[in-house]
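Some structures to go through are shown next.
In what follows, chain A forms one complex with chain B and a second complex with chain C.
Let's look at the complex of A and B:
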């Protein structure tokens, strides 16, 4: 049997080269070798991180990153036995009312899940009051709002304002084609994610701003 | 009112493949993973075998233009930028109203797809294909009306572009009966099936610019279709 370091490197490679099924022999071999699930999880995420960096430098396509997310998800499901985690930062995500475009939101939600956030996905075309309720009920630390249409994005403003009154400790991050950082700031959001590649860093920064009480 | 059912010819499918690859970010510097290539090929074959794109159009004269917009029998097109383009056109001015769709099959396939890369590929194929289908519908009215009479026309212009609010869908749906090709509007003026396009074009003896960008002073607009410098003299 190969040693632990080699097995973990193989797992990492399987993710970023995506030339094998995670659930196949590579993962089985690591589990049979008695490697701790946390170490396996770390290796899977390292593989994902590798692809994310390569996407940032335009070496791969977004489709490569999504395929990689599928691989990581399969791997994480294998080591958790398909059970949903009760740990992780609670995060509510959805597309604002009137907007049927959910692909971007689906991608972002999957990235959050992959990185261990406890994601409450409200779907698309979600009325503002449901976001407010979702944040309160799930004690969410983060609210991620998406809009792909200039006509629906204006709804974000009132949602942010209401969430800031009722759940002031929740960091609100916004994204979507018609939104930009200036708009996000003017609406009172705590962060803006331009792409799926940077959403993790932006979310972390938004959480810290809210925690430290630092204005954006 | 004319309905068109564009054929998914081999050359159109080849264009679709090239455009989809480009949109997904593949160029000569990036090798495509065989699994992704397989997904793409399967999705294109599925699109080819299951989709029946349709289009409908109707041509109406411009009755008048004023600060409210462009007046037609179907209602008022409320875009100052497009109105300025129409006002500069010479000869009789006609507005083509059109709606095209790929039908609901692609929406159903997307909804039932769990895999994110497949979702993205389906979405991109749909977005590219509906543009190509709309080009074919445009070709139909250009062949019947524009070319035989030696007229000119603009590029298509849709509600949500520039200063034309999405509510502008109302005038297009008044001019046409998109229900005939299975297209409906939601209360937020979004079309279902999702891979549908609604648009207008202006036809006249002389159309000075293909798009109203010539009248827009907005800097760094990501949707600008005409180079700014070339038309600077027209920007107020």
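Let's look at the complex of A and C:
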């Protein structure tokens, strides 16, 4: 049996190398060695952080991040027994109506899940009123909106405005290729994430802005 | 004797389009002749206003014309000028051509490509489509043609003559080349093989498959390439200036550099080679984040690269110009969000900055980073043209 430190380092490495053949074996070995699930979770997230940092410096691509999240998700599911968490910040996410592109949204939703958010994924091509309903029903602290088409991104503005009236304590964060920070601010959002790399920090900042009542 | 025959054949290939009233294949014209033409036009541009074609050819030979040429990339937006619905714009060549001609005549610019949407080729392979009234056509992602990995090898080659949307695109090119003549330049357009495949599989699944099942993916890419080669050759035969290949996934938004070079590189190399063998120029369009300029140049040897973001190995526009300005003509890269929500003056300011950074010494075409947003204010397209004339 290898030492705990070595096993955790290996686990971290198979995540950022996104090697699906050995993730399971390494995970089993760590569990059989009696390593606490929290330590395993930490190692998995460290592996993911490694990819996130490399993504920031353009050393890896979005595909690497996608596969890395696959490995982290498998690992987290193994240690939780596949049970969905009832804890964590409730967050509603979806792609606005008319837009069928959900690759970006799917990656972001899984990053949120990985980092402990309680994610309610409404999918793609979602009508505005369903976002408002989703936020109210799930008492969401965060609404994450995505648009990949300039023809449909205009819908974001009216969703933000309605959510701000009906659920003023919900932080709204937006992203997607045709959107930028200036637009997000002008529509009344609380945050903008340019890429998957920065989404966690930007979401945290948006939550704090809303909580403290600080305008963006 | 063979050499004489070749010379006569090349002379015929150059003169025939000229007599027909449109641009000849630039690749068949000797470099010395093109450079002489560009030098003379550059000099003449100091004194007189050049024609659109003179301005473009001068730029393509990396000489400074009277002002930078521009391409406002009005595709879906052009239909608003001609009162054409989106489905008609996508499916009826006469309506497409009418819209694009309206944009060329009313807004201006030197060059354009009938880039109708990115699903043309996939639709002909049998992918189910959605044609919204006010937005770009797209695949029905709930019903992908490639449902699982085993479907890659089942993808069947289609005959160009039976490919309705590709035939409509060719007819659009035919009308445009005939109507534009020497007043401007029309480029052909094709989505790259991996792009076409993403329309039939969905990007998320395709990305995983590229890593886990590369040989299956590459089998489908070969089938698609075998269809795309006659397609781009047919565009060349119509008399376009060149053909634009959209290689979105050669960027940080797609595959890693190594994976792209392995998976798609060899196929786009074949397609680009077919275009060049016809004597036409290759234009690469990549609106992804951090595109891999050097890999794309190595595989496709393009004359022009149109881009939305700086390449992965450049941190500023000045560095981009220094590193790649001698190798390719740079075309871009006005932010499309600005075009949607900025004022015309904001757009002109952004254009002015880009011209300052990239136009020195020629080899720069002002353009949006991607298609002009279909529902954006048309004044912003006019602002691009005005900025090119005023600051270029």
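One rule holds in what follows: the second predicted complex is superposed on the first by the 211 of 216 C-alpha atoms of A that agree within 3 Å, B and C clash if a C-alpha of one lies under 4 Å from a C-alpha of the other, contacts with A are read in each partner's own complex, and residues count from 1 in each chain.
Quick note on the criterion: a residue touches a chain if its C-beta (ideal position, glycine included) is under 8 Å from a C-beta of that chain, and two chains touch if they have at least 3 such contacts.
For clarity, every value in this text was computed on a predicted model and none was experimentally measured.
Engineer: Given the alignment on chain A, is it a clash or a fit between chain B and chain C?
Structural biologist: On the shared chain A, the partners clash.
Engineer: Touching A:69 in the superposition: chain B (first), chain C (second), both, neither?
Structural biologist: In the superposition, A:69 contacts chain B only.
Engineer: Once the shared chain is lined up, is A:195 touching chain B (first), chain C (second), both, or neither of them?
Structural biologist: A:195 contacts chain C only, not chain B.
Engineer: Can A:170 be said to touch chain B (first), chain C (second), both, or neither?
Structural biologist: So A:170 meets neither chain B nor chain C here.
Engineer: Touching A:203, do we find chain B (first), chain C (second), both, or neither?
Structural biologist: Neither partner.
Engineer: Would you sort A:78 into first (chain B), second (chain C), both or neither based on which partner it touches?
Structural biologist: Touch partners of A:78: none, neither chain B nor chain C.
Engineer: State whether A:106 touches chain B only (first), chain C only (second), both chains, or neither.
Structural biologist: both
Engineer: After superposing on chain A, which stretch of chain C overlaps chain B: 93-101, 273-281 or 309-317?
Structural biologist: 93-101
Engineer: Let me check the overlay on chain A: which residues of chain A are in contact with chain B and also with chain C?
Structural biologist: 18, 58, 60-64, 66-67, 70, 98, 100, 103, 106, 149-152
Engineer: Taking the touch rule as given, give the residues of chain A at its contact with chain B in the complex, in rising order.
Structural biologist: Interface residues on the chain A side: 18-19, 58-64, 66-67, 69-70, 97-100, 103, 106-107, 110, 149-152.
Engineer: Which of the residues in chain A end up touching chain C in this complex?
Structural biologist: 18, 20, 55, 58, 60-64, 66-67, 70, 98, 100, 102-103, 106, 124, 149-154, 178-180, 182-183, 186, 195
Engineer: Quick check on the complex: what are the chain C residues that touch chain A?
Structural biologist: So the residues of chain C in touch with chain A come to 76, 130, 132, 134-136, 138-139, 141, 202-204, 207-208, 210-212, 251-257, 259, 289-290, 312, 335-338, 340-341, 373-376.
Engineer: Using the touch definition up top, name the residues of chain B that touch chain A in the complex.
Structural biologist: Listed in rising order, the residues of chain B that touch chain A are 24-26, 30, 32-33, 35-36, 115-117, 119-121, 123, 160, 165-166, 186-190, 192, 194.
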